[in-house]
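Right, one structure below, let's go through it.
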Amino acid sequence: MNRFIKIPLVLAIVTFLTSALLMVSEDLTHEKIAEQKKMLLLQSLKQLIPAELHDNDLIADAQTIHHPELLGHRKPQTLYIGKINNKISVLAIPATTPKGYSGDIDIMVGIKTNGEITVVKILEQHETPGLGDLIIANKSDWIQQFSNQSLHLTNLKNWKVERDGGVFDQISGATISPRAVTEAIKQTLLYHNGFMQNIGEET
Amino acid sequence: MLKATEITPAHLYSFKGGLKLKHHKRDSLDNGLSQSSIPDKLYLSLRINRGNIANPIVAVGDNVLKGQVIAKPDTTNGSYIHASSSGKVTAIGIRETASPNADYATVIEITTDKKDQWCTIAKTHSITEAIKSAGIVGMGGAGFPTHLKYQGNNIHTLIINGAECEPYISCDEQLMLDYPNDLIDGITLMMKAADAEQAIFALEDQVGGIKSQIDKIIAKRKIEHIVVVKVPTIYPAGGEKQLIKVLTGLEVPSGGLPLDLGIIVQNVGTAKALADYCKHGRPLLERIITVAGDAIGKPQNFSALTGTPISHLLQQAEFDKDKTERLVIGGPMMGYAMPNCDIGIDKTSNCILALSHENTQHHGDSLPCIRCGKCVEVCPSQLLPQQLHWYIKGENLEKAREHHLFDCIECGACAWVCPSQIKLVDYYRYAKSEINYLDYKRTKSDAAQIRHEQREGRLLKIKQERIAKRKRTKHRSKNPDKMKQDLQATLDRVKKAKEQKNEPK
Amino acid sequence: MSELFFIFISAVFINNFVLVKFLGLCPLMGVSGKYESALGMGLATTFVLTLSSIISYFIHTYLLIPLELEYLKTLSFILVIAVTVQVTELILHKTSPLLYQVLGIFLPLITTNCAVLGVALLNIQQQNNLIESAVFGFAASVGFTLVLVLFSAIRERLEMADLPQSFKGTPIALITAGLMSIAFMGFGGMVR
Amino acid sequence: MHPFINILLFSIIALLFGLIVMWVSKRFKVEGNPIVEQINAILPQTQCGQCNFPGCKPYAEAIASGQAAINQCPPGGEDGIKKLATLLDVEVLELNPDNGDVKEIDMVVEVVEKDCIGCTKCIQACPVDAIVGAAKQMHTIILEACTGCDLCIPACPVDCIISIPAPLPNYIRRSEKPELYNLISEAQKC
Amino acid sequence: MSGFIRKRLIDDNAALVQLLGLCPLLAVSNSVVNALGLAIATVFTLTLTNALVALIKPLLSKEIRISLFVLIIASVVTALEMFMNAYFHELYLVLGIFIPLIVTNCIIMARAEAFASKNSLWLSIKDGFFTGLGFALVLITIGAIREILGNGSLFNQAHLLFGDLGHSLHVKLFDNYQGFLIAILPPGAFFVLAVLVAIKNKISKN
Amino acid sequence: MNQNKVFNTESAPHIPDSNSVARVMLTVWLALVPAMLAHVFFFGTGIVIQLTLAIAFALLFEAISLKLLNKNINLFLKDYSAFVTGLLFALCISPVAPWWISFIGMFFSIVVAKHLFGGLGQNIFNPAMVGFAIVLISFPQAMSIWVAPQAISLYDMSFLENLQAIFFNTFPTEIDFDTLTQATPLDTIKTAISQDYAMSEITNVPLFGKFGGLGWEWIANFYFIGGLLLIYKKVITWRVPTAVIVTTIAFSLPFNLYDTDQFIGPLQHVFSGGLMLAAFFIATDPTTGCSSHKGQFIFGAGVAIMTVLVREFGNFPDGVAFGVLIMNMAAPLIDRLTIPKAFGQQR
């Protein structure tokens, strides 16, 4: 056969074989991958919406929200809803604050119907390593102080870091990041209150 | 090109860089000019700068008279060397000379008879020829054969360099003080030789009454087109490129010559040497040389024969040998340290400096360059001395060339200010010589390549012919007639070749 | 427009491919001995990278997505790159021997430069459109070239320094790269 | 549509790529390699064959095609290797001792005239035609053209060719490199 | 150790001597676990691609040899990527873009070109494995050094690789360690590699 | 060769200038004395301890490196360049920074940035700035704690208390840590702007003086005076400092005009942080700068632009160190591209 035809043909055949190989692997793995992704998501939601507080399929019941004013969203985000007997028990609300030391900090706050926080998670941040990033759970236990806290008309003033006259610890030498996170949590709680009221009105 | 009329000598320009140095000239000037006695032996070096070696035309044992030519140049770039006093040639051999690194060169040793007997000097017809037969070379330090400068045309300006800028050296000033008339004669002769329209006579502004003295002579003799100008005392204002810049505002093109601007620069000593020959029939046998330094008891200027050993002059100036750390031919900035004092001075030696330990000692040791940039500030050639040093240190000579190494005039200003006390000029000298050498090798190898390729081509052709022939033979073998014919042809050719060979060439 | 400008600035300085994202380090270490080679490598990479990010964009949007073959993206992109490099090399060799002389030896090395594939993949990840892809590709390679050229000038100077024996060559180059990446950290946070 | 069809379609693209490459490689075919000339320009053109190639050009070709290392030319010395390394952007190597040593100074050869029998053997050996002379006559070497490759020495049946230091033109005066500050002691090579 | 192996592990080590595969080497070495993950993936890929390239030797021709190498490498890597995504999902997320970029890991191409395309199947497999191992050793060493200096710990997050067993592997070397951040930031990677290469240079000189 | 050599045959110049590296370096020190005194006046005696520590570590590492590299310790220690490095480093860090900050900083300065690159005069990156940048990045917390200027502080730390703070990290207990310490003015600005305060509100507090920070502006003035001394003594030329200051003003002015509340004013830029120090003492480091005149202008301008960019948009409160490092990195290339015309080259 002519070299001119033969060589491209070799290329094509090898391409075909290799892509076939990939097709097979894709076939073998894609379910598992999807499953893994879901598992990871659930894993991370586990603390926000503890298993004992819901019995629904969290992913199926998720909603898309977009609330730039209160939650600082820049894009539509996913809100996860935990339900017991079809009644809302916990919300996992995503929020963004632009006031971090180095840009946006994305958090997710789990809030029970009674307004009590389950857990706050830092989803994404770019704070200075070793300083601002102490807000992350596995770097320090700063973030844990918010668990079981809630916001009422009476303690509105307290939702600040100590430096600003509130009750929450700051991180020494890095007040900005904690201040930003604390504020974002407060906003999220405010949003939650509104959200619950709306639902209350609806039902 | 600028015309002579566009140069207004009254208006001075400045060059970048340069140094203000203490000039230390008064000591030697105060003691005036003395005539040195005739030494027992004269050592005449046959190598005058740029490697132009003259060939001796006398032999050991010959008697020579003062002014007799004893060596002739083998190229047009060389100059004649005359016996500077009468006596007997007692040796011709390799010795240290008063040149960079006290290089070894062929030296003719004359044992003088102290009679100082002149030979007869033949008359010459043109001034250029006179310069050549007088053996005149530039006396400003470079020793460039002066007659070569007058081969160009289009010269409009002659600059007479009396701006003796190095510290301690005062021989030119002494000359201007003592021989103003000869000097003016020399200048007029030079102007004639070069067909120049004007001459600018440059002096440093620290000299005393010389300007008025010369102005007076010019006025008295009604000579036109010679202007005397004082230039600021900044080292190295005496460098020709800097002087031209100061006087005219023009820059000699990088890699070019003053000639490119229509200018000739000539030292005052050179001018006087010409006058000496044309007026008095004396070739260049004698020059004024300063003997100074803090190890000299009585610093002064001597009028000394070329070839006079340094020791002979030192003796006459109350030299303190024990105090001396360094003995320098030339000035403190550009001079060369001599290993001993049995070396004969030559036509370009303008100063002997004997310096004590305290005066030569560095205040710190030599350290790596810290790139402080002081050298850049003072470099009159506007180079980056520290970069040059860096490249040369790293053997990156091509880079040094790109950074205009060859525009360095080796003035030593950079080395003088360097806080790291690096011998910068040594690096440049090394690099220049090495690049010249490598360039030479390159041209040689290029030539070799061409020769090789030609040879290969020739061999290839022969081989092809042989193959072609073999083919033809094969072909022919089928044709006996043709074969015979060819055989005959070959035999004929061989015969013819033999005949040719027997013919005398 | 300003969006594109930020993409450009970000890819050149703030998220410099070489010093911040660690892509294309092998050529950085390998082809930075002298300024001319570095510039040559940079130019060649710029050309191939810009071209291949455009082609990759087309392949991805008009072939892989419609055919539901997205898992073949690495495969197809690298094929595109290899072919682009090869074709560029061949054409250059013939049409501009002078340019080939300058770039020639560097071209084959581009295929294995992580930055090239990296750009194609990041373009997909960041869902850039055609123009953005092209600008991103171009900017990434400008950043690459910039670092390469700066680095080569530094190395030329280091060549002549009295380095400790065991740090001559690669180790000091790596240290230099490390210090350069510290300097680049100064750009951090400038475009959010 | 069966996924296999998709893959087939994809492979057709590959086929197309292949065709493009083939077409381009045919259309833009070139001979020769410009690098060879550049390498050859660096080699000293001594043509001595110490590199194990019949001359500088063949060695240049071998380097360009990657068949020879850059450290095989003793006349080029360290300097030549450095230049080659820079040109090709490869690491500097030490001169391969198998190829010979660098000579301290440049040498050329001279014919001891009284011994020469005029056999022309040396003329045939000289790669740069630096020897003149005819059969049965005394031969001389054009010193300017001689590269000091020494190829003629073994060729001479009566051993009348001797090596002498190469004469340098007057204007070249080699001076020594100044000492580095005397600080970095020898022991630095750790 | 036979010369063949020694050469690949030490004397001609792909990372320390040939300076190939630097991108993953520096980018994914901020902890032992990341390093280990990528190391395993690289050894595996290198062995497999070398084998495949050795198999298709007869098909190679001047015009498309690079393309063929690239195809093979890319498909192996993509397959690997899929399996990692499926079975080590979190690690996969951590290693990020560097998994697909194994494709352009210069070592793989270099071995395909310089060795596998010229040698027998068995030799190529051996070559791939040991070259990869040499690379892996360096990768893991750097990972360990950086993690110790930067975090004061070892095998942090080992569960990504070893499942629950991993949690027990995690050791905190110093209590109350401030953390020398530069070590886990990009510059640290360069410094650590530089020191390793310098040490290697020094050892091989003696 | 010379059997009859009697005299020393070293080459010209035969009467050297009295300049030396040590003298140059000591002039730098001398020029810094006024600013150091001002520093003590405004921020207490902490700086004295830091200076002692940094210089001691610098000389220690210098000696060790020289020893390991078999260089002449005597000769090189006396060049005082490590001394200057330590000096400048200490002036950049907080007066109460823990002692190991100097230790680590000086290790990277002297060993990594200087001696690995060949030692005196051969380093590419400014040693002091390398050390500073590395500790800044590695230990942001320790680096961002400054004491308040004594003029507005409620408490002046004594020498002993400073020692305790530096060596044992213990601060006086009778006073609240947060009152004792205070972020630097630039840090405060960065923080406040991110909290949506306007510049006019921010600079209204006593921490800010007339144009820079309180105390800071005075120290800057003394750096300026010291710099003039250096220019007068011809240790540096006017080019780099002028380029830095002029470019800082020119480059920050448009931002400031565009939005006075969002962007720092030009004078504020010049008189706060390390700008003045950098302009005269750091960007002028001869070794790591550019050698051609044009290059020096570019170098200075680059430092200024980078500084303004980092201060306005970057992650760090002050960008001088990064500006210097970035330009160090570019210096060889700039030098390559700006070879000046030699005398007599057509222009």
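Chains: A, B, C, D, E and F, in written order; residue numbering restarts at 1 for each.
The definition used in the following text is that a residue touches a chain if its C-beta (ideal position, glycine included) is under 8 Å from a C-beta of that chain, and two chains touch if they have at least 3 such contacts.
Model, not experiment: these values are computed from the prediction.
Visitor: State the chain with the largest centre-to-centre distance from chain E, centres being mean CA positions.
Guide: It is B.
Visitor: Comparing centres built from CA atoms, which chain ends up most distant from chain D?
Guide: Between chain D and the rest, the longest centre separation is with A.
Visitor: Between chain D and chain E, what is the gap in Å from one C-alpha centre to the other?
Guide: One centre to the other, that is 40 Å.
Visitor: Between chain A and chain F, what's the gap in Å when you average each chain's C-alpha atoms?
Guide: Chain centroid spacing, chain A to chain F, equals 43 Å.
Visitor: Suppose each chain is reduced to the average of its Cα coordinates; what separation in Å results between chain A and chain B?
Guide: Roughly 84 Å separates the two chain centres.
Visitor: I'd like the Å distance between the centres of chain C and chain D, where a centre is the mean of that chain's Cα atoms.
Guide: About 35 Å separates the centre of chain C from that of chain D.
Visitor: If a residue has to touch 2 or more other chains to count, which residues of chain E qualify?
Guide: Answer for chain E, listing residues that touch two or more other chains: 63-64, 67, 71, 74-75, 78, 82, 178-179, 181-182, 185, 187, 191, 202.
Visitor: So which bits of chain D are touching at least two other chains?
Guide: Within chain D, residues 3, 7, 10, 13-14, 17-18, 21-22, 25, 180, 183-184, 188, 190 contact more than one other chain.
Visitor: Hunt down the residues of chain A that sit against at least two other chains at once, touch-wise.
Guide: In chain A, residues 3, 7-8, 10-11, 14-15, 18-19, 22-23, 26, 102, 130 touch at least two other chains, as defined above.
Visitor: Help me check something: in the complex, which residues belonging to chain E touch chain C?
Guide: 19-23, 26-27, 63, 66-67, 70-71, 73-75, 77-78, 81-82, 97, 100-101, 103-106, 109-110, 182, 185-191, 193-195, 197-199, 201-202, 205
Visitor: Quick one: which bits of chain C touch chain E in the complex? Just the residue numbers, please.
Guide: Touch list, chain C to chain E: 19-26, 28-30, 71-72, 74-75, 78-79, 81-83, 85-86, 108, 111-114, 116-118, 121-122, 125, 165-172, 174-175, 177-179, 181-182, 185.
Visitor: Mind listing the chain D positions that touch chain B in their complex?
Guide: By the definition above, chain D touches chain B via 40, 44-47, 55-56, 79, 106, 127-130, 144-145, 147, 168-178, 180-183.
Visitor: Touching residues of chain E toward chain A in the complex: what are they?
Guide: Result: residues 56, 59, 61, 63-64, 67-68, 71-72, 74-75, 78-79, 82-83, 85-87, 89-90, 93, 178-179, 181, 184-185 of chain E touch chain A.
Visitor: How about chain D: which of its residues touch chain C in the complex?
Guide: 3, 6-7, 9-10, 13-14, 17, 20-21, 24-25, 27-30, 34-35, 38, 86, 88-89, 91, 180, 184, 188-190
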